[in-house]
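You will see two complexes here that share chain A, one where it goes with chain B and one where it goes with chain C.
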Partner chain A sequence: MADMRYPDFNIPIVAATKAPAIRCVDVTLRVKKKLVLDGVSFEIPAGSLAGLLGPNGAGKSSLMRILTGMFPPDSGRAELFCAPAGPERLGVLSFLPDRGQLPPYLGAGEWLRLAAGLYPDWSEARMEELIVKLDVDRGQRIGSMSRGQEARLQLLTCLSRQAPIIILDEPFAGVDMVSRESIAQAVVGELADGERTFLIATHDIREMENLFDRIVLIGEGRMLGCHDVEALRAGGRSVESCYRDVFA
Partner chain B sequence: MPPIRMWKPEDFRLDPSRPLYEQFVEQVRAMIARGELEPGTRLPSVREAAASLRVNPTTIMKTYQELERLGLIVTHRGQGTFVTEDEAAIGSSRRELAREAVARLEETARSIGLSLDQLLALAREKE
Partner chain C sequence: MRGLFRLEPADAALLKLEWRAYRSMLPRDEASLTYWGLALTVLLVASLLLFGDGFSAQSIFALGALFVFLIGVYTGGGKAMTVWENGFREWWLGLPVSRSSLVKAKLFAACGIQYVAAAGIWLVCIGHDAVRLAGQEETGTMLGSDGLASLALAHAPLYAALVPLGTFAGYSLLGMYYGWRRWLLVPWIVVSISPFGLFGILSNLETDQAPYLGAGRIVQYAVVGVLLAVLAYRACLWLACRYGIPDLARHRPGSFGFVYGQRARKSAAVGNGRIGTGFASLYVLERSRYAYWSSIRPVRLVYGGLLLLAGVGGYFGARDPLGLLGGLRAMLVIPCIVPMLAITIQISHEANKRRLEWWLGLPYPRHLLLLARYIAVWAFVLRTAGGLLAMLAAGFALGGREGLDYFSHDGRIGSIFYVLTAYFLCGLFVSALAFLQACTLRSSMIGWLFMPLWFAIYFLPGTLMRWIVPESLMGATVGAYYWAGLAAGAALVLAAVPLAIRIGAKWIHLFVFNTTEDRWRRRGEQTFKFRS
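So, the complex of A and B:
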């Protein structure tokens, strides 16, 4: 076990499961003069399914862009498995951006072949399994897909990689109920191996509240809480009531 | 091997402000007590149950651990998880459920100044 490694990345699995998958320490970001993130600190243990919750403009997407190495914080540290986030850490994470678009002129199957060539950690077996679970039609042109169909194809792309950290930005925005359910189901199926960690930004508390084991609340760029969800419930609070207490 | 009894989200009523695993344990216990889950029924794996119920796998893991501790389910390595065929274990779980129900009813009776017998007699009285 000691020398098993994720294919193509140099992360020993044993080390990966002990360290927090994601850690932010006092992350601060300014865009022009505006303070977008103001001293955000939290930890996500490996193997968690964590929700990043907050209203529009709270700084969720900016935080995810820092974690995915698109830009560094002005101060503080953002780490993935104890190494600073940045372009050189892209191999350990798979990211589904908010309102991301796939090339509309390609068929789903053509896109998947392209993605398979793009990502060194692509798993054909996982892709085949997810095509069935997420009910994706390889023959369909992306430009003719509904929002729900495209969201399922995007998630399929994200999960067919073997990266240990999955970051999803609003995977349910504008998605029909049946697609939401199959997206939630696919996420749980991936998690049960215990080797992947999810951080999911969403407004959709109802669909996801039974799935999260941890929630991080941010508002106006500030940390407003980080909770173990079952501990909240043991104290008689739901994810939704906690969200309301903080933001309403 | 018996077919798997799969679960759907509609099979459970969940209160989001109480620990979910506790509620799954209660509801599966009741299913076994009323015979809806027969002895020897094969249950889905943690992964299958979590995916079909759309809950965190840890929740199902804790549910199964607790049901196993209560002697209501058994896991056979490599074969899966099954409802116990030990009638005595099911019997004692039903007795425990009955005791808990009576205790709750006694509590209600006390809150309106009655004994359990008085409560039942009063409820059955004709107008």
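So, the complex of A and C:
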């Protein structure tokens, strides 16, 4: 029980940025008899902020679960910094699950103290900064928090880590407008370090449109496009118009 | 009485809606008939293997009755526990019918499916006794004065009464989530767990020792059962309609009770000490759940009461050391079952399935996550049971020299250590099996076949203990043969626990994809047409 950390947990971020942070090659997944992902392939360069966009049931959450090593794809490859995704790679990514919940009997402060022990790459300084930015009350019990308050605490937990990849699954789901703004601001603040890679699945395109520099479009488990946002803008299109063109 | 069970015409649709949730489980087509046939066959074979010599025909039917009652309690209780996290909850609460209609429809539908299960168990009991009688020349020892047919006929109304009794008792949990009603959890837990303790008694009954299990008495029990079922029905409706539904309407999925003001700010789950890193912090995370429960005032009061009872029991038990040891033996089944139940709830309760993603996302190998959970539950059980045993011993020591003298002769004290160690090992073994549930999600076929077996596993401690700690060993000198057997058992447990944890770790993520919502979404594609 000496050291439970994964050996690749503290991989140097500078070295890691030379490779694509996330790469999916022909990823296919079936859950029971349903084809959830059908040959999805894309690449996210290190240091970029990518949006994973698509309607409900498109397979976004399943793709993210594959990237977090929750389970392997039936076929194809999912890689993080050129190494296969899997539970042993959880050290290089910080994941915010969709509709995930924290232990309700803990106070927020208790959870954060525990998280500092659970995550070897935890940054106390960043946590203190985010507590102010996201307006989290350390004294409040998680079970008594509103959905928005808990969403902010969960995001704080994700962003207080120094993992080089951050995967956020619907960070705005059920969150009020003011909280959404503070979450988006926290993401922008994080981006200022320029070294992390973000993959964010969201329906709230407007809040995030200006932040994305790459978008991946998925519908009915199939890859429907992967665009550089600057190139889109250069062509006179916005993320929203591109989304409408594909899915409307 | 007629008004009590009356459903308004508009409620028929509601009942149909509730019944629809169970319809896919009915033996209604070739595939489901095969599943049912296989499941009952597995149950019959398992019962023949597990409940062989020492069980009379009456015991087997009585055991079946226990099963029927417990299935009712756990189905009702399980449904009452999951409705809080059910996505349909708010729609359901918004239906323009009375609260009692909402609850009645749930109760009647749940009873319906359990009558099918009870009929299956009844057939298995008949099959079991018929097979064993066919292989015996002298049937009197096993059957007593009753014929198999009269026993079977007498048990049919008992089973029919126990289905609603168990279901209503189980569903009454719906009104016990908040406020003063949480005190009712104590008798509820006693009702839901104590039948497991009866197993030991039933398994050692000879026919001539159990006239109260004869056919005539059983019919009387059925009448009492019906009366109790009516009482349970009234209590359940009152609790659920008056308290349960308003509580449900206020409940926020994922929250942990209503905590306002000061209580919302207080938490003693982690404490102020240093938490540590790595596996130590994982353990603290798991332990915090029990620390929180232990800090709740009603729980502390109940535990204090139990400590007092243990002390008093020990004091008076000093005059009947053998009886005390027998009682201890029957009660030790409970700490064997509690860790398994706790682990099952932690991984398969609807709200907990949603917490699995955060948990599985922690940067540790999964077997360590499971190991931390396993150690935490056992640390809690050992601390709780240890306190009770210490009080029992203290009371025993104060109760006079008689008891102390009894155990100080012929190495009888060894029998206490033997009993405690045997139960501890058995508990370690069966609670590790709880992690294997994840495998049942790999296919519906495995799930169906595993379901009856899984229920039988709760009786495993009682069954195993009949062989490992026989009645004759109570207060006697434990021979080298038994100690060697215990050592072999310890070796088996030491090998089996890590294996079960490894297998569980491989498939634990399947719970994430098997929330009720996910299952229905997948099932929706193959749904059959709704028949009016």
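The definition used in the following text is that the second predicted complex is superposed on the first by the 239 of 248 C-alpha atoms of A that agree within 3 Å, B and C clash if a C-alpha of one lies under 4 Å from a C-alpha of the other, contacts with A are read in each partner's own complex, and residues count from 1 in each chain.
We take it that a contact is a pair of C-beta atoms (placed from the backbone, for glycine too) under 8 Å apart; a residue touches a chain by one contact, two chains touch by 3 or more.
Because the structure is a prediction, the values reported are computed rather than measured.
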Which superposed partner A:Asp245 touches (first chain B, second chain C, both, neither): neither
Chain B versus chain C as contact partner of A:Leu49, first or second or both or neither: first
Chain B versus chain C as contact partner of A:Gln185, first or second or both or neither: first
Which of chain B and chain C A:Arg233 touches, first, second, both or neither: first
Partner with the higher number of touched chain A residues, chain C or chain B: C
First, second, both or neither for A:Glu124, with chain B first and chain C second: neither
Partner chain in contact with A:Asp176 - chain B first, chain C second, else both or neither: neither
Which of chain B and chain C A:Glu209 touches, first, second, both or neither: first
Chain B/chain C common contact set on chain A: none
Residue numbers on chain C that touch chain A, as the complex places them: 252, 254-260, 263-267, 269-270, 275-282, 284-285, 288-289, 292-293, 351, 354-355, 357-358, 360-366, 368, 509, 512-513, 522, 525
Chain A partner contacts - residues on chain B that touch it in the complex: 14, 16-21, 46-47, 50-59
Chain C partner contacts - residues on chain A that touch it in the complex: 1, 3-6, 9, 31-32, 34, 65, 68, 70-71, 87-88, 90-91, 95, 97, 99-107, 110, 113-114, 116-120, 139-144, 147, 150, 154
Parts of chain A lying in touch with chain B, wherever the complex brings them together: 49, 181, 184-186, 188-189, 191-192, 194, 209-213, 229-230, 233-234, 236-241
